[in-house]
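Here chain A shows up in two complexes: once beside chain B, once beside chain C.
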Partner chain A sequence: MMVEVKENKSINFKELISKIGLPTLIIGTFWIILLITGGFLGISTMTLLSDTIKRAGMNGILVLAMVPSIQSGTGPNFALPIGIICGLFAVVLSIEFGFTGASWLFVSIALSIVFAVILGYLYGKLLNAVKGSEMTIATYTGFSISAFMCLAWLMIPFTSPKMGWFMGKGLRETVQLDGIGAAQILSDFWKFTIGGEGGLIIPTGMIIMFLLCCAVVWLYFRSKSGIAISAGGINPRFAQASGININRNRIKANILSTVLGAIGIIVYSQGYGYAQLYNAPLMMAFPAVAAILIGGATATRAKVSHVIIGTIIFQGLLTTALPVANQLFAGTDLSEILRMVIQNGIILYALTQVKGGGK
Partner chain B sequence: MNNVSSGERLKIKRDSSWIADNIVTLIFIAFTVFGFIVSDGVTMNYFLTELSSRFFRNAFLVLSLIIPVVAGLGLNFGIVVGAMAGQIAIAIMRYFSIGGYSGMALTFLIAFPIAAMFGYFTGVLYNKTRGQEMIASLIVGYFANGLYQFLFLFAVGVIIKVPATHPMIKPDGVGIRMTVDLVKVEEGGLKYALDSIMEIPFMWAVLIVAVAILLLQVIRYTKNKNKPSFNGNQRMMTLINSVLSLVLVAISIFAITTDSSLMKVRQVPVLIGVFIISLCVFNELILKTKLGQDFRSVGQSQHIAEVSGINVDKTRIIATMISTVLAAWGQIMYLQNMGTLNTYGAHTQIGMFSVASLLVGGASTQKANIRHAILGTLLFNSMFIMSPEIGLSLFGNALLGEYFRTFMVYGVIGLALGLHVWRSNKKGKATLN
Partner chain C sequence: MSDNLLSLKNVSKEYSGNRVLKDINIELKKGEILALIGENGAGKSTLMNILFGMPVIHSTGGYEGKIEIDGKEVNIKSPHDAMEHGIGMVHQEFMLIPGFSITENIKLNREITKPNVVSKVLGKRLESLDVKNMNDDARKALDVLEMDIDEYLPVAGLPVGHMQFIEIAREIDKKGIKILVFDEPTAVLAEAEAKNLLDAIRKLAKKGIGIIFISHRLDEIIDVADKVTVMRDGEHVATKDVKDTNKFEIAQLMVGRKISIERTDSDNKNVSDETILDIKDLKVSMPGERVKGINLEIKKGEIVGIGGLAGQGKLGVANGLMGIYPATGEVVFNGKKLQLNNPMASIESGLAFVSEDRKGVGLLLDESIEGNIVFSAMQVRNDFLNMVGPFRFKDSKKIRKHAKEMIKDLDIRCTSPLQNAGRLSGGNQQKVCVARALTLNPTLLLVSEPTRGIDIGAKKLVLDLLKKLNKDYGMTIVMTSSELAELRSISDRIVIVCEGKVEGVLPPDAPDADFGLMMSGSRHNAEGSEA
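And now, the complex of A and B:
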């Protein structure tokens, strides 16, 4: 009797682990340990959590952009810089046209969706031509377009004094958004603090935006069109046999992913207060990929819940590691090293789980 | 059976258009020529000096990429890991102030086991990420960079106690400085330890190489003259190569006898040249051994190789290890030529640049040889020298050229890989139909 109960328990425990996923569990535990350590070192836990929420809100939509592309079978969207570029271009254009405040936000998002749909379509076409090596090609497509836009930022004759260098041509490396009254415009919307001074700060507007996008994606993948995309991702041959146009679905999914990337960077920029141009988008795909993998996604399956869990854990870990590591080992850049190891380690781990190629 | 398949392969080769095969190479040649036309600031002397020193720095690293391609691992961006091994060896040497010519030899020796170990681990990883080796090799470079920084920024000082007064340690006693001077070889360091052993004028080197190529072509012609496989296309190539080397011989003899301005091009390090040539020979010879044949069969079809009794996993690991060790040595040669160790930056771009060089030479993920590596290194570095000049003379902005350069690196890799996959997918579809 007793033995049976014990066995049951251990099975449940194993099931629990496999349900949450080992990486999620390990990294989540690590974050909590760091939080507790931080508490003992006298770092305000509330501040750490506030920063975590802020950064999770900033990065969330970029991570969400991974869901459609993973579900459609093209793997994590390593070409996220394409979407980011669309978003940044829209941001820069709407500043150039003289929009400020809330109107800037709406115009940017509207413009960015237009650009992202066009580029996402072309990108989807490209991915269909290079089936089997999507991840590698996607990475270099993202790199290429970021490098190409470095030329564009320097050469397009923008005239707005809020973005140019004081002398010479071209845009600044970072464009300040408070000059047009748009810094933290979403974050400060309905912002409130739990527990008075020094308490937990909730940037309501940004969170609503993130959850709204999550809801849209969640609903979409329950619609007929979304289910068809997922089916094509799970088993392309079977889906094809049941009359689903796989190539069209892959394009659709990558358009959605690119659009989310574009909106994501606008939300990110307003939260940060600056729009970062030039080389900033180059490496932005990797933390987003890592976040969704930490949340429990694989390179072939992803859910919206993975996005929310992964973003909070990964961003929480990063925000917590910095002050804690600085307290423990002053003068070293341990948190940046930690980011590199965890971020790329989790991507490598996910790659080892991909069943592809074969002998 | 064999004859049929080779005949078919030849046919396919003829069907695919030559321009599509060499598009990347052609773009680069056009770009370099265009650079010469528009920028008047670049003299032939400056160009050749830059090109030859860049060539001798990078060729070894580019050549280290060939074996993984043959073994079917694709382009090994993971040579970054090998470069780190080389840098660790150099840092150890510098820390204990061992230098000179024997110190250099010791550096190579120390780098060997470190790189072999790193290569083993990357090889195991590639076996676990079968089919996605290229993206895995890119990410493993980033991952290893994190560990490398942990070692040099944190472990040195916090875990391994070092004196803060040492010239390569940061003043607070934790971590290695951003740039470490390698100290001239006469003063017991490693700077120019290989370059300074023997140097000859540039034109003499050109003369020697051209004569060697000419001899090779003659030997090849007399050997293959009566073989049916030596068809018109190959005959043509031999002829073109011979004419080209004859022209080079003529130019160099003319320059040497008249002592023209070409003689002022910076001298060439002979030993590095010898190393590069030996690596070329090594790459050719290893393919003739049992191991090399295994590389080839694994590269062609892992399944068939497995069935015919080859240990596929082990073969792939060996290929990765060789590549990693060679990259470590290549990085040591690179650094002794630079003279300073840029501790946290020297290795980061190596993988990207070397792969781009190889692709520019006309290689693909499944086909790479020495010609691709050498031609690619020359063309890629020509682009590197010319882009800021073009940016400056066309737009009055050298920064633009720098950005353009980065764009070309990424663009070339993306374009070459994309075209290759696209065409092999198309071919696959055609055979299915």
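And now, the complex of A and C:
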């Protein structure tokens, strides 16, 4: 009756590589080698791993923001600064309104979603007008809005003493969150340590938040609307023939991406303990793009699993490379150079894999 | 033997084991006009590619046979060689640069130059243009064609007919041009322009240039050519002197009997009188397949074939009905007016479409078979979804069950419903497309080029499947195909589309000549002359 389902269990080496992806494999191996080297050099592996988890938790949602935009066919969201600025604006605004602690977190997230939906919609409209060169336009949209906000942070008459300069007008470069009792508010929620003092620190609250967002995105791409978005991304003509409004879907996806960027920066800021304004959002899209690409995504196809794998490997590499390189080449800035080389190299590699100059 | 300007002797060509040309023999004398005619896929383009030494020929293993020019065997390895031997071509789509003047276009890359100070130091490539001489040359070429147009005008904005002449002027300006090939030169021209062009061709022939004229317009061929060579399925069917033949014979030779799929039952079909689809003045702007006002009535329960040569608009009909390309006109389907330019509305009204562009429009190649099968039904009919609050998620269990049923019913050969559609063979991919259309439970199924690119065994399976759907479920089917044999094997009647309009409707067992004449748009005149 049924068609026989034959499963080929024997996976040879070549298939394994193509399944995981060569860049993922190389960077992953490199990270493990660094970890082992670090161990020999007397750097605590547990500390390195704790830092990795912390940084992965901080950056995870920003990386996740790439999934909807890639799936919809607009490519990696190089305009992530738009979402980040929505998040930062919400953060600043809720401090201005006097919220602290947990209420600050909820108000920030709620406000940021409102801003992100509006700006994401406008940004989606923009992308529909420039089909074929989304990635370039996105990069410069991100740069422009960051520059614009440099003015805004200075000009908007905020009054909260927690954010202003001691003299003159405008907001500080970095706003400390411990002043409002919000630093590490998520990270410290249900935090525990495996293996006692000096063991592996698990920032449970932040991880739950990250996984929750992952679950939402994963579920969304199994819904009718999400499937339509993916189909439009893979093959616009196919989707169109099935009566799907591709432009509307691209807008939807970019709204989702912007919202995730906004929530992502709030989670990032609380983990870091500071909200960084002015030029900080400018370059934040690149590590996020690099991370998802290392995870195995391409500029046209991305999954939630790519986000998780990519974030851990990429952040792991960064946190491990710094202390190890400092030990090996004392007095140099090699690790920062290494980070730039890997990050931009990966983006470059992935962009060369895009066929036919985008959709 | 020596008065032949060009002779092709036993030229054959194989593409990866598939013989597309078989022993073609062509002879062309000085000043002679040879018409080349054949259906799409008859091998005309391949033959011309060989003559021009196109890279596609040599990268696929070259050709067999001999090409002789002026009685000497030549080996044409590149388009540049072809030019050296005096072979020129006037392209169907104009290869002109709009912003350049007529002279510049005619002289492109063959500019006449004179030395200047810089070029004396840095070489010949920096010499300045001798505009006066170039203009004189262009003028001469234009005069041959009796074109009273200023040679310094830009090409952009010229009427289509003029552009064609500039192409020709460019070819005859080349030194030592002996053979000129026209590839369907009149396809894009209005009647008066076409007439001018034919006059120009005659003039060129009088000057001793040998002309190969590719066209499917029989009237033109009878009008202008001295000899006509008919090709079919890569074979040289016949070469006749035009004065010894007529267009009926040519049409018959062109279509020929090549039925490989036998018709088994044309009997006891219960086609009702009820019109299910009424198309009035449908115009579709599909690039390359423009529909210019089609009127057609389709009865419930019949299989209607739509045939015609490529580029005549037959494919535009289904694409227009499905809202894939912009369309205007009035379409009544199932008693209701169909909203055009809205794929969603078309699908909702009960139309389903299996596209001619299987890999482009028909399938998500990187998606699973089951994902492909249920996609449209899920998006348009909200089938295969689970409601969780306000959200709708895919119902994997139901999808799997349905996919397995379809795989079994349509005999899709695959390892599992999760296999990627892109990894299936052409025939099985086509079945997945059909399965997707059937999942929509359509009242009327539009199928375009269902057997394109699939092997002969799979072809029969797909056609049998269509026939079965029609017979067992009473599904009305409109099948568009370039293969006449296939249309004749299952259709109840065949609509021939020519130049974007319905040329006529024929029963499947009508004589070959009728099909040939209709496809080349010569039926009206033919009827006149017969009377």
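Operating definition for what follows: the second predicted complex is superposed on the first by the 345 of 359 C-alpha atoms of A that agree within 3 Å, B and C clash if a C-alpha of one lies under 4 Å from a C-alpha of the other, contacts with A are read in each partner's own complex, and residues count from 1 in each chain.
In this text, contacts are C-beta pairs under 8 Å (C-beta built on N, C-alpha and C of every residue); 3 or more make two chains touch, one makes a residue touch a chain.
This one's a predicted model, so the numbers in the text were calculated from it and none came from an experiment.
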| item | value |
| --- | --- |
| Chain B versus chain C as contact partner of A:286, first or second or both or neither | first |
| Partner chain(s) touched by A:341 [first = chain B, second = chain C, both, neither] | first |
| First (chain B), second (chain C), both or neither touched by A:179 | neither |
| Chain A residues touched by each partner, larger count belonging to chain B or chain C | B |
| First (chain B), second (chain C), both or neither touched by A:130 | first |
| Which of chain B and chain C A:231 touches, first, second, both or neither | second |
| Which of chain B and chain C A:199 touches, first, second, both or neither | neither |
| Touched partner set for A:151, first chain B, second chain C, both or neither | first |
| Shared chain A contacts, counted only where both chain B and chain C touch the same residue | none |
| Touching residues (chain side chain A, partner chain C) in the complex | 1-3, 5-8, 219, 222-225, 227-228, 231, 234-235, 237-238, 240-244, 301 |
| Residues of chain A touching chain B in the complex | 78, 126, 129-133, 135-137, 139-141, 143-144, 146-148, 150-151, 154-155, 169, 286, 329, 331-334, 336-341, 343-345, 347-348, 351-352, 354, 356-359 |
| Chain C to chain A touching residues, read off their complex | 322-324, 342-348, 353, 355, 357, 360-367, 371, 375-376, 378-380, 382, 385, 391-394, 404, 407-408, 414-417 |
| Contact footprint of chain A on chain B as seen in their complex | 125, 128-132, 134-136, 138-140, 142-143, 145-147, 149-150, 153-154, 158, 172, 174-175, 302-303, 306, 312, 395, 397, 399-400, 403-404, 406-407, 409-411, 413-414, 417-418, 421-422, 425 |
